[in-house]
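Below: a set of structures, written as structure tokens.
Common to both upcoming complexes is subunit A, partnered first by subunit B, then by subunit C.
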Partner chain A sequence: MNASQPEPAAPMRSSPDGLVAGSSLWQDAWRRLRKNKMAVASGVVIAVLGLACLLGPTLLAVAGGYDPDAQDLAYGPQPPSWQHPFGTDFYGRDLLVRVLAGGQVSLAVGILAALIAALIGTIYGAVSSYAGGLVDSLLMRVVDILYALPYMFLVIILVTILGQSLVLLFVALGAVGWLLTARVVRGQVMSLKEQDFVLAARSLGTSGRDIVFRHLIPNTLGPVIVTFTLTVPSMILQEAFLSFLGLGVQPPHPSLGSLINDGANQMLVFWWTLVFPGGVMAVLLFALNFLGDGVRDALDPRMRT
Partner chain B sequence: MATTTDTVLEVCDLRTHFHTDDGLVKAVDGVSFSVRRGETLGLVGESGSGKSVACLSALRLVPTPPAAHPSGVIRFAGKDLLTLPERDLERLRGNRLAMIFQDPLTALNPYLSVGRQLTEVLEVHEGATPAAARRAAIEMLTRVGIPAAGQRIDQYPHQFSGGMRQRVMIAMALLCGPEVLFADEPTTALDVTIQAQILDLIGELQASLGTAVVLVTHDLGVVAGTADRVAVMYAGRIVEEGTTAEVFANPLHPYTQGLLASMPRIDTPSRQRLAAIPGLPPDLGQLPSGCPFHPRCQQAGDRCRQAYPEVVIASPTHRAACWETEAVS
Partner chain C sequence: MTGYLVRRVLELVPTALVIIAASFALVRLAPGSPFSSEKEISPEIRRQLEAKYGFDRPLPEQFVRYVRNLLQGDLGLSTKYPQRSVNEIIATGFPVTLSLAAVALVWSLLVGMTAGIIGAVRQNTVWDHSAMMAALVGISVPSFVLGPLLVLLFSLRLQMLPPAGWGDWRHLILPGLTLGTIYAASIARLTRGGMLEVIRSDYIRTARAKGLAERLVITRHMLRGGLLPVVSYLGPAIASMLTGSVVVEKIFNLPGIGPYFVDAAFNRDYFLVMGIVLLYAFFLLLMNLVVDLLYGLLDPRIDHA
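Right, the complex of A and B next:
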């Protein structure tokens, strides 16, 4: 929304003629986020993990011939060593490559599903709230009904009906995950739409559609982003759970969930098959949650300085 | 006085009623007024007298529910605004009819740059290209007295002071050169020096654009300085209407007399207490019978408690609704 905005390097940058350059609320928030050490550290962890997951499997395949799916039953499960830092699994597959490849799937599912959820939820909530009255009541009862149905049950039905492809997994998780965003946005718009600037925009002839999309939704983006950053880890968990049940990513392709499932079955004998995928997942979820908290604090207008 | 006599906006018997849990609240109950090209009409009254609701109703901006659809007729450009389809009304709002709000701190969208909020108006109404809209917006900002408008246009509302924001609001309302401007207490949230600047600015732009202004205020000093005609509202009705000179020199309604008496004047001895109208404005949900002002009126007689007063005509431009005022005039 502010692509044409000059990015201020310092809190109050002076432009050549001595005027204070424009700094949006987003730039303020970014500045506050950078001051939050936990959030920055989490951001770095996520970036490193993300890059490793994105590039790791390819690099390892080219450099060392590691293949996440190639089995070597004769080699079997080996404890961590220099050659296999995370050890190997029951089928003799290198666990580091499998964890990285699995992380790729988990991150992709988490981010894409959360994006779908945020998109549906924001538009649904904003339209419902702005329309108000009967339309609002009807739309929100739909949300209530979906909320009342067991969440996982719905996803399982969707995955079973739609078939087990990775894309459908995003859609199924996103299609069920937007309820929270819709409620958050509706609540925001409920108070925003009573504010004078909406009345002022209407008095200037702005249509209802433009008010929702140009005036109201940008004002809700703070909470939406916060909900988004907190939805990503929950989506990753959902995917792990589905894979754990055997409904998510199908073997031999790994995902963090299915790796943990395999590991859990043999943790007393081959401890590393559980500890490494579980550890990576825990670190990832911690970092995502800390970043989400940091973003929420940064966008809180009461923290404005 | 207005230089021409062509009426641009005529409001007849406007009624806006709210259905609340406490019953029917008649916020505006049979208000009629008209404004001519280039003229300023001061709409005066206490808080809760229905001034703002009357303006919002004229643009059909009162939320329904809780309000019932306003009844009456509002004639503008040969159309009745109250029966016009919403789409057609949107084309008029901001283009030929505009409004300035009381609190400039909340009437601008905090997440959009001032420039975007200004250019949006031009893009909606005149189909201007972004570049042309930006040029026009900068020109308008310069005209309302914002220095370095070319840079300020990319800033966000929180980087403007209250007075500057009100200038932005005025720029936004006047961008398309509206025929009628409703100014709902445009200076109430500002300090006195800024107040004078803003009023002068509205006057200047009004003169150059020929805009008719409906100036809502509770400040009689503002009215005396800027309005050509005055309409005094009490409990949702206009109780007195006339040219500013007539109303200030010869107030007919006891309420108007009370308001004028309570105004501090430069020649009032400094130790003298200001006169106050006794009592409180009535609850619009439970209006007293007859003239709603009678419980606070020292001249009230029996007739005042029984029926709403008939209109007393003092001159072709000056009238009031009071039973007792015949004796006065």
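Right, the complex of A and C next:
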């Protein structure tokens, strides 16, 4: 993967007046990320897949009249062909359109759930750490307890309670997925809050809320972004997990998880119904994980494993 | 050490109470009732049923009664399977789930640590790169894609192992591999990272300087460093193995506890849902305790006094 030799220092750019321009943490990270060829390739793969999922179903519907949900039982399952590159499923629906539409759901749920998790986790961790003392120990005890719970079971209960709508699905996933972010942010704020700029802000009479939201949280952005990028693939995986169990996106709408479930049931006869959704899912997760690793290495070389 | 153990066990009591109360609230405050999803029943029969399970009493009273029964090891009656107690259902299903998780754990530790050690010892060679690439692939292929593919290969093409069902140990191999691979991949990354942390430290140099065989340096000294992150990962890993078993049991049609849980959540089978959640939560609390104790044994610098 990445060589673990120490990174060379940022190239010094001389400005016309002879001064050396500095480079910010973000410019530095961006430079490191761009040098990581695999991470860049993963980014391209994600961009292409994302665009295909976002625009594909609409384009195919307008241009070729493909409908992800319209059934044609007489047509039935057909192997891949020029007309249907991924073949068709048991109900004669074009699998390519269904995979793209399912990918849309997966990406949307993954990103939104990870955003919710990051939001809750950041505020919770920062407030807990800044408050300190008894409040901190109580709040972190809650995190410990939730950590000990088989949390996918909580999601299953939440989904059966709240009903199976897409919005509730990512709220449920996000609502239980914030624990790691909370821990990471708390650790960051622990050391940040002792620093002089916080003291300075406090001596100027800044309220506790402003210190947390204006001074502390912006400084934890690096680790939060790293956790976020690695949360997206795990959220996508969990959405697929739920849809595989029949608890996620409901038919006739496709999701990668439910497509894989259908495919697994008929893989002996109609192999393409498993191979294409499963392959797209694996490629998507692989690229997201790789990009996540790359972002981590770029933003915080010390966190490298 | 004994003092630490006693303190940790005592700390479990409030945690356990919170978990019981929270899951009780979550399950009971959900809309719907165990008798609403089934076919229409007359109000008299419904009242009788509610009286049988004690649902006609006020909630706080039911909660006290539940906790009192729980202390005597009685998890109550299932509403979906009227002839069976929750204890019976768990007694038949949990051993299957547990043996599945055990196979997965052994597999993931064996493969993961081997790959991680190779990666660390041969850092930045082809060996390292291919081991880590394999690990990333392993993380990215969800169990519900891997499982059907393994069945396709080993059961249907090679006819080596049964594709599904429950009987002897051979029925556990494919499910175990399916469940364990993703953790093997994480363990490989953690082992490698942990070993690389210590590989250049003074005590390793000392061990080499006193003429210790390289094999012993690796197994006795480096591996200890590599094991620490793995051990702390085991708690969450076992937690998610138990939940992941829900999907694997479905793929391989194993009579474990997972399928019961999903059904129970749908049917509002209150006592069964509670029973399974509590079983898993307590099991996880126990595993986390064991992991913490193990951590202290592995790293004498951690003082539990």
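Points to keep in mind about this one:
The working rule: the second predicted complex is superposed on the first by the 275 of 305 C-alpha atoms of A that agree within 3 Å, B and C clash if a C-alpha of one lies under 4 Å from a C-alpha of the other, contacts with A are read in each partner's own complex, and residues count from 1 in each chain.
The working rule: a residue touches a chain if its C-beta (ideal position, glycine included) is under 8 Å from a C-beta of that chain, and two chains touch if they have at least 3 such contacts.
Just so it is clear, the model here is predicted, and its values are computed rather than measured.
Contacts of A:Leu237 after superposition on the shared chain: subunit C is touched, whereas subunit B is not.
A count of residues in subunit A touched by subunit B and by subunit C gives the higher number to C. By the document's definition of touching, of the two partners only subunit C reaches A:Asn261; subunit B does not. After overlaying the two complexes on the shared chain, residue contacts for A:Phe290 are found with subunit C alone; subunit B is out of touch. Once the two complexes are laid over each other on the shared chain, residue contacts for A:Leu245 go to subunit C alone; subunit B is not touched. Annotation: subunit A residues 1, 4 touch subunit B in one complex and subunit C in the other. Only residues 1, 3-4, 141, 144-145, 147-154, 156-158, 160-161, 233, 237, 240-241, 244-247, 257, 260-261, 263-264, 267-268, 274, 278, 281-282, 285-286, 289-290, 293, 304-305 of subunit A touch subunit C when the two sit together in their complex. The residues of subunit B lying in touch with subunit A in their complex are 56, 59, 61, 65, 87, 90-95, 98-99, 101, 103, 106-113, 117, 120-121, 124-125, 148, 151-152, 154-156, 158-159, 169, 172-173.
Chain contact summary for the complex, subunit C toward subunit A: residues 15, 18-19, 26-27, 30-31, 123-124, 129, 132-133, 136-137, 139-142, 144-145, 147-149, 152, 156, 189-190, 192-193, 196, 236, 239-240, 242-244, 246-247, 250-251, 261-262, 265-266, 273, 276-277, 280-281, 284-285, 288. Chain contact summary for the complex, subunit A toward subunit B: residues 1-2, 4-6, 15, 17, 19-25, 133, 195-197, 199-207, 210, 214-215, 218-219, 221.
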